[in-house]
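Listed after this line are the structures, all set down as structure tokens.
First chain A sits with chain B, and in the next complex the same chain sits with chain C.
Here is the complex of A and B:
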């Protein structure tokens, strides 16, 4: 026996969660880019796409957010820390690669100084992930040893039934069970089985690539120059990436009051590492692309025992010059 | 923090002495600050910049920082007057393990605006002079005008227990300059300090560090006895924002102080 949530009951579930004070968030078609956004009814959700253009990251680590507000008076400065307002929410229809992206970044935001913004949002979010039954040419979760039904970072995993009729429900955490208790009246016992997950062909051998990256001799390989020659440093890959976490801190305001903000930044930009003296440790685009690949598959796993990539493929899918992690690692595995 | 004193060191280079406004913050600073650590100094509305704490751990009643006026934040800091309030976040990072230097000779090598971090170590050691052997300081700048802490250089020059070797780059000397002319690595090789029982602390622009490490090797220094501090661009200071790392090393967390041996394991191209 399986437990089923039928699609025609989803609107009732959304209403139920909303009346319990939760914001319901899910994949929606935007005007230009699709993303995960708040909805009022089930009809606003769009389950047809392989995955939204924008990743789930921005709901936990926004593109820009205030850290503190300051007011300067005659002989004193008043500051007020910004705390995100408590906002319990349920993310319905996350993709497994997006959910696992959050789990990948947890140790980074938690080591040494614990990033309270990140963890507050992590703690008040229920993540309901839908296993993938379709993929496109850019999907590469299996190459990263993940899967179209990976449960990392998820509180509930749903497996689709045929003809968009609904989902088989697998609750994974207490937080997930609690949210689904609210809608238990809409969950039916049944002997139906879910659709199989999509076959995502392996695009490169990760172990071969990691071994090549870990060999110090390859740091100065001419490969880096060749592969990154067409990179225009636009940073689309890092902004759309579910795990890229680099940021800048900037003040915004006038002499007497304003806000200190944390903004997304990118290792693709020359100014990211430029010293005041003009010296730049990562002076070329190839050094910057090497940094991104090394960081994801060599440095980050060295520190946190997990690759900083969940295999969503956005970096390749949205790259204006057709080079992303997939293309790079495919080339590396041929070396 | 309140600015209680300012001093112009060289064209565009200023030292500020800052005092804590909150006694609890001061107590915390006294507990944690050790020479080599850095902080983020800021002005609300302009932002934060990363510099070392230029004052020694033996004088922790205040913080001194020395910076070159260059961008938005350093201009705002330079424009701040005595009595004005600025911010300090820190101290962050690791330190020079000076208690391991006890009983040893010390060689400090520094270039230009990189004397401030070295100066913090120098005074931390000179303030407990009896614990260390011979102290040699090699300091160079592009021109005579660019030498910082001129009054302290005079003081070290006069001290019988400090050997000071001063140099300026060729062309940077003034008519009355009576010390060396030449680049720091060359002058260091001429001065030829003995590597026996000696710890070297070097700080300077990346190009100076590169060539000075070669000179120290020639002089017979073991990489384990050579310390340096890497001053990469930083924003968060707590191992998150992603810009200061060299290879897998987060300079803000595992540094900024490294031995030459540790530096040699880092990818040279990214230094």
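Here is the complex of A and C:
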């Protein structure tokens, strides 16, 4: 026997969660872009896409976020903190690669300094993931040893039934069980089985790539210049990435008052490592692309025992010059 | 296919006899409808060259990055007419020497690709004048017409909505052949001229500054528009500003390598008392 949530009951569930004070968020197809956004009814959600254009990351780590307001007076400096408002929410219809992206970043945000902005939002969010029954040419979760029904970072995993009729429910955490207790009246016992997950072909051998990256002789390999010659140095790959997490802290205002903000930053930019002296240790685009790959598959796993890539493929999908992690690791596999 | 084969042969010849050190073109991408930039230095690399109607990216920006032309050797490049205009502007703004650039011109109608006659930037002036007189249909874009009909408030709201998606990845800047500044104004932090945050004000500041900076310089190649990962119709802004400059100054950007930049020059007999 399986437990099923039928699609025609989803609107009732959305209403139930909302009346319990939760914001309901899910994949929404906008006029020109898809993203995870707050909805008022189930009909506003869109489950047909492979994955939204924008990742789930920004709901936990927004592109720009105020941290504190400062006012400098004659004898004192007044500050007022901004912290995210307490806002319980349920994200219904996350993709497994987006949910696991959050789990990948958890150790980073909690390593030496516990990032309260990140963890407050993490603790208040229930992540309901839907296993993938379709993929496109850029999906590469299996190459990262993940899967279209990966449960990492999820509180509930749903497996679609045929004809969009609903989902088989697998609760994974207490937080997930609690959220689904609220809608238990809409969950039916049944002997139906879910659709199989999509077959995502493996595009490169991760172990071969990691071994090559870990070899210090390859740091200065000619490969880096060749593979990144066409990189134009924008941040589209890093900003759409569900795991890229670099930020900059900026004061906006004047000498006497202003707001300190936390803004996304990217290793693709020359300015990212520019020293005050004018010297730049990553002076060329190839050094910057090498850093991105090394960080994801060598330095990050060296520190946190997990690769900083969940295989969503957005970097390749959106790249203006058709580059991306997939091509780079495929080429490394061939070396 | 014939055009592609002919150009492969030409590139091989020019590489072999040492005329050019490299040719910048296109090769197959990760899906059948994608093309990626190709840097041809050998005969084998020339065999990867693809030239068809899906070769759209304006590649001219690669000429002015990371010192490609600093050895004064010649470089070949595949360009559509708007790419040739970019070369002319870069030359007029002293960013490159046109004598170093060997142009492999092409254009397409439907799926048909045809070569353009000429090798040097100056060879294309008749073609470019013809384009100035009869601009391609893209300038009659329905969305632009819709925006034109809006009143100021509606137009402001429209752009506010569009810019709300901006994440300041600067893909528009990086993809643009005209954005060659070694230090962009948004990267200047002493003083911080432009807010780095991608909130409403910061996004407006960035996109409006870029629009002004490209006035009289944009050739509407569409690189910015295609590069934008959040699908802001950036072409509309630059298209509108280009029209403004043509109407006000009869300046069609990139007609020749010696064309005076419209907003970076002045005349003593200018009728205006104020210069921006």
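Basically, the second predicted complex is superposed on the first by the 334 of 335 C-alpha atoms of A that agree within 3 Å, B and C clash if a C-alpha of one lies under 4 Å from a C-alpha of the other, contacts with A are read in each partner's own complex, and residues count from 1 in each chain.
Note that a contact is a pair of C-beta atoms (placed from the backbone, for glycine too) under 8 Å apart; a residue touches a chain by one contact, two chains touch by 3 or more.
None of these values were measured; they are calculated from a predicted model.
J.: Of the partners chain B and chain C, which touch A:275 in the superposed model: first, second, both, neither?
T.: The first partner, chain B, only.
J.: Under the stated touch criterion, which partner chain does A:250 make contact with: chain B (first), chain C (second), both, or neither?
T.: In the superposition, A:250 touches chain B and chain C alike.
J.: Return first, second, both or neither, reflecting whether A:86 touches chain B, chain C, both chains, or no partner chain.
T.: neither
J.: Scan A:111 for contacts with chain B and chain C and give back first, second, both or neither.
T.: A:111 contacts chain B only, not chain C.
J.: Touch test for A:264: chain B only (first), chain C only (second), both, or neither?
T.: After superposition on chain A, A:264 lies in contact with chain C alone.
J.: Touch test for A:322: chain B only (first), chain C only (second), both, or neither?
T.: In the superposed model, A:322 contacts chain C only, not chain B.
J.: Examine A:137 and indicate which partner it touches, taking first as chain B and second as chain C; both and neither are also allowed.
T.: In the superposition, A:137 touches chain C alone.
J.: With the two structures laid over each other on chain A, which partner does A:299 touch: chain B (first), chain C (second), both, or neither?
T.: It touches chain B, and chain C stays clear.
J.: In the superposed arrangement, does A:1 touch chain B (first), chain C (second), both or neither?
T.: neither
J.: Hey, what residues of chain A end up touching chain B and chain C alike?
T.: 248, 250
J.: Which chain A residues qualify as touching chain C in the complex?
T.: Residues in contact with chain C: 32-33, 53-54, 63-64, 137-138, 229-230, 232-236, 238-240, 248, 250, 252, 261, 263-264, 266, 269-271, 284-285, 316, 318, 320-324, 326-327.
J.: Can you name the residues of chain A that touch chain B in the complex?
T.: Spelled out, the residues of chain A in touch with chain B are 70, 72, 75-77, 79, 108-109, 111-113, 115, 216, 219-220, 245-251, 253-255, 258, 260, 265, 267, 272-277, 279, 281-282, 287, 291, 294-295, 298-299, 302-303.
J.: What part of chain C is in contact with chain A in the complex they form?
T.: It is residues 29-31, 34-37, 39, 57, 61-62, 65-66, 165, 167-171, 173-175, 187, 192, 195-199, 202, 223, 226-227, 229-231 of chain C that touch chain A.
J.: Which residues of chain B touch chain A in their complex?
T.: So the residues of chain B touching chain A come out as 42, 44-48, 68, 70-71, 74, 85, 87, 205-206, 231-233, 235-236, 238-248, 253, 267, 269-271.
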